[in-house]
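Letters A, B and C name the chains as they come in the text, with residue numbers starting at 1 for each one.
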Amino acid sequence: MRLVLTSQSDQPRLRAAFSLGITTLLVMGLVASQWLLGDSAQQMQFDARLAPPSIDHWLGTDALGRELWARTLAGLALSFWVGCLAALLSTLIALSLAALATLSARLDALVSLLIDTLLSVPHLILLMLIAFALGGGTQAVIIAVAVTHWPSLARVLRAELLHLRQAPYVRISRALGKTRWFVLHDHLLPHLLPHCLVGALLLFPHAILHEAALTFLGFGLSPSQPAIGVLLADAMRYLNSGYWWLGVFPGLGLLLMVLSFERLSSHLRRAL
Amino acid sequence: MRLTHLSVVLLCVALVSFGLMMVSPIDPIDAYLGPQMAQVSPEQRELIAQRWGFDESPAVQFGHWLRQLVGGDLGWSHVYNQPVSDVIGQRFQRSIALLGGAWLLSALLGFSLGVVAGAKEGSRLDKIITTYAYITASTPAFWLAILAVLLFSVMLGWTPTCCAGPAGALNQDVSFATRLHHLLLPVATLALLGIASITLHTRTRMLALMRSDVAIYAFAQGASRIDVAWRHGLRHASLPAVTLAFASLGELFGGSILVEQVFAYPGLGQATVAAGLRSDVPLLLGIALFTTLFVSVGNMIANTLYGVIDPRIRQGEL
Amino acid sequence: MLTIDQLSLQLPYYAHGHASWWKRKWATCLDELSLQFSAGEVHAVVGASGAGKSLLAYAIMGLLPPAARLSGQLNYHEKPLDEQRQRQLRGRELALIPQSLSALDPLVRTHRQVTWAAQRAGHSSANAWLSALQALHHYQLDARAQQAYAHELSGGMARRVLTAMAHVSQAKLVIADEPTVGLDPHQRQRVLAALRGLADQGKTIILITHDLRHALPIADHVTIMREGKQVETAPAGAFQGTGSSLNSAYSQALWLALPDNNFATTTADALKREATVA
């Protein structure tokens, strides 16, 4: 039993459940739209180039007459998959390095030196270095984002693991001759999994934002892909000509997606 | 102790970034030659490779590079046709105005907003501030910059769309007021983004304090929320805020790259992008090391400040 | 002076392993308490941890978390003690000596904290500085302790600082929440004597403690609490001999379980002994 010491209307778990529902719906809608529409919605229409938002062209069209709403949806779906993969990879790295760090003092020092090194380079510069070294492209972005986002989660997991190893029930379990696998599976994992889940969810919005930034600067996804960063980099060329919709809507879509995940992760963290 | 740690970390960064450059698919001779690579014969390439030691093993090359680095020679930037250290020096001078302005603004505004929101948890003001902070925390920096250009430069015409001064004007001819005018929008955009994290962090600290035994006891003494926030809250929230402000220099620098790119502001951030896109390896390495130093010194100041100000740590060390 | 009528308190919580994970439930923490506290008396509230003693203190002071559900009636000097009046009286008429030493701000020197308490009680700032100094001297806190931070104080000194902060407010009703925890016998006597002294000046003292033995020497009345319920309120004099003048079996058991009363002699044993003597 846990007492709730917040205001009357505040029900963290109800909020978490609510925000989980909304985010799931949004993601399902996004994925379904890509599955149903395919590429057909992104056809070039040469009679409707740079058309402003209207009933026919909901969010307007770009310089090649492609519907901006379809491009934005496709970009969001792309961001979502890249973000998912990167967050997943990053969580795996965090978990394995945290486990490694708890094995011996020397490994611990090594991992923490690695963390210090990664954290002392500005995030975006490191991302650019890695993406540059890997030659750009989707794979490079996923790897770059995954490799740079694990330190904070690794720290949490390491502390939790160290704490758990000292826990009486784990030591008793060991003393009773249970196998390592049993201890790991029955005692450690149930405690670590919620941390990993929340950690991955916390990483996710950052991963998406950094992917978009990297792509925007020209180090990420290729310009032929309808990524949000590409759409906005294209929009830069038309800024002074008054084609405002090109710059506004893709970013707004990205903001909404990041915001919904950001809220979900912080509600979950409070509720658990 | 801290200095040793700093140098170890710097060495690691040098190693990692050099390693990354070694594995990159960019040919070092092409990178060195830049746009002239088409005009060079294979024999000349061979000579260059010998001259710069590109044939040697990576370890030897790294040692060579490191020795030059310690001697203060960061190499030659083919994009700007200048020594790397000169490029960084000039560019950083322009960026520092942007970074410093945005940093001060975001730290001061972020802290005040966080204190107000935390002290009045659940009030309308708190809801407005937190909503604002949540939204800006999720906003892509470059998109916000694009919006700012669209709104203030294109639609309203209040501020210039580009650069650090009027196009074509020489650096020394630009007046201070004109410079400020060009800086206004980039600084505001960057500050607006930086505010969110400090606000949310300070608010969390304030909330924790307002529910702590200290606050409950102060309430028991008849203190109002404002009294508790002013007397206890400011003390407890200011240290973490200062620490965070110094620790977030890296984020700030990342933001400045994006903002400079959108506003075409010729600072260090723009140079970084140019170096990366045009394979200027020495410049990229130089910037990576320089910004690492910048961020690490910020972190070091944050840690030291903590020890100087907090009585519990100050006396623990003596 | 202060009367409590049918006071009940519920707090929300999340049940573990329940099917509807997001639904919160309500736990009853205080159950229809009715108590009377009069001026010049030390009224001890005794119970095991979790009995709701501290929550009772918070309910009187109006310091419960906003999510709490409170019902019943509080009257102070024959007038209802509602939220607004609690806010007016806190620090001036009602004072709390908190249970936890973490109530002292770790970043503020002792003297300044006591001065703040005096200011909050309505002293002018110059006056507050002086009365804080007096209160500190009254509780034998020297110049070093006055300039110390909380982590530099010993447990006993910190307790005395907290008592000094209640003292400086000149409150008519002082609630002392476990003021003797972690103190050696000598220090404990000092704190208890100070509380008795306050009561003799005509103040009302509510002494919250888990230890009946420490409360009895200075208390006029004792209320025994268990799991949010009021088991019994009796004059301190009723706790003597075999406790036969106590009404409930729980109070008797508590009394007889004290070391001086042959340890853990159960009521059943006591009754048997009485029978054989007869």
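Keep in mind that, in the parts below, a contact is a pair of C-beta atoms (placed from the backbone, for glycine too) under 8 Å apart; a residue touches a chain by one contact, two chains touch by 3 or more.
Bear in mind the structure is a predicted one, so any value in this text is a computation, not a measurement.
S.K.: Going chain by chain, each one touching the next, work out the least steps from subunit A to subunit C.
M.R.: Contact-graph shortest path, subunit A to subunit C, evaluates to 1.
S.K.: Which chain's centre, taken as the mean of its Cα atoms, is farthest from the centre of subunit B?
M.R.: It is C.
S.K.: Please tell me the distance, in whole Å, between the geometric centres of subunit B and subunit C computed from their C-alpha atoms.
M.R.: 53
S.K.: With chain centres defined as C-alpha means, what is the inter-centre distance between subunit A and subunit B in Å?
M.R.: One centre to the other, that is 22 Å.
S.K.: Give the residues of subunit C that touch two or more other chains, as numbers and ranges in rising order.
M.R.: Residues 65 of subunit C touch two or more partner chains.
S.K.: Would you give the residues of subunit B that are in contact with at least 2 other chains, written as numbers and ranges?
M.R.: Touching at least two other chains: 211.
S.K.: Could you list the positions in subunit A whose residues touch two or more of the other chains?
M.R.: Correct list: 5, 7.
S.K.: Can you list the residues on subunit A that touch subunit C in the complex?
M.R.: 1-8, 10-11, 13-14, 16-17, 271
S.K.: Within their complex, state which residues of subunit C touch subunit B.
M.R.: 58, 61, 63, 65, 87, 89-92, 94-96, 98, 100, 102-108, 116-117, 120-121, 149, 151-152, 165, 169
S.K.: Show me the residue ranges of subunit A that touch subunit B in the complex, using the header's touch definition.
M.R.: 5, 7, 113-114, 116-117, 119-126, 128-130, 132-135, 205, 209, 212-213, 216-219, 228, 232, 235-236, 239-240, 242, 244, 247-248, 250-251, 254-255, 258-259, 262-263
S.K.: Subunit A touches which residues of subunit B in the complex?
M.R.: Those in contact with subunit A are residues 5, 8-10, 12-13, 16-17, 20-21, 23-26, 121-122, 134-135, 137-143, 146-147, 149-150, 154-155, 161, 211, 249-251, 253-254, 257-258, 261-262, 272-273, 276-277, 279, 284, 287-288, 291-292, 295-296, 299.
S.K.: Okay, in this complex, where on subunit C does subunit A touch?
M.R.: My answer: residues 11-16, 21-24, 27, 65-67.
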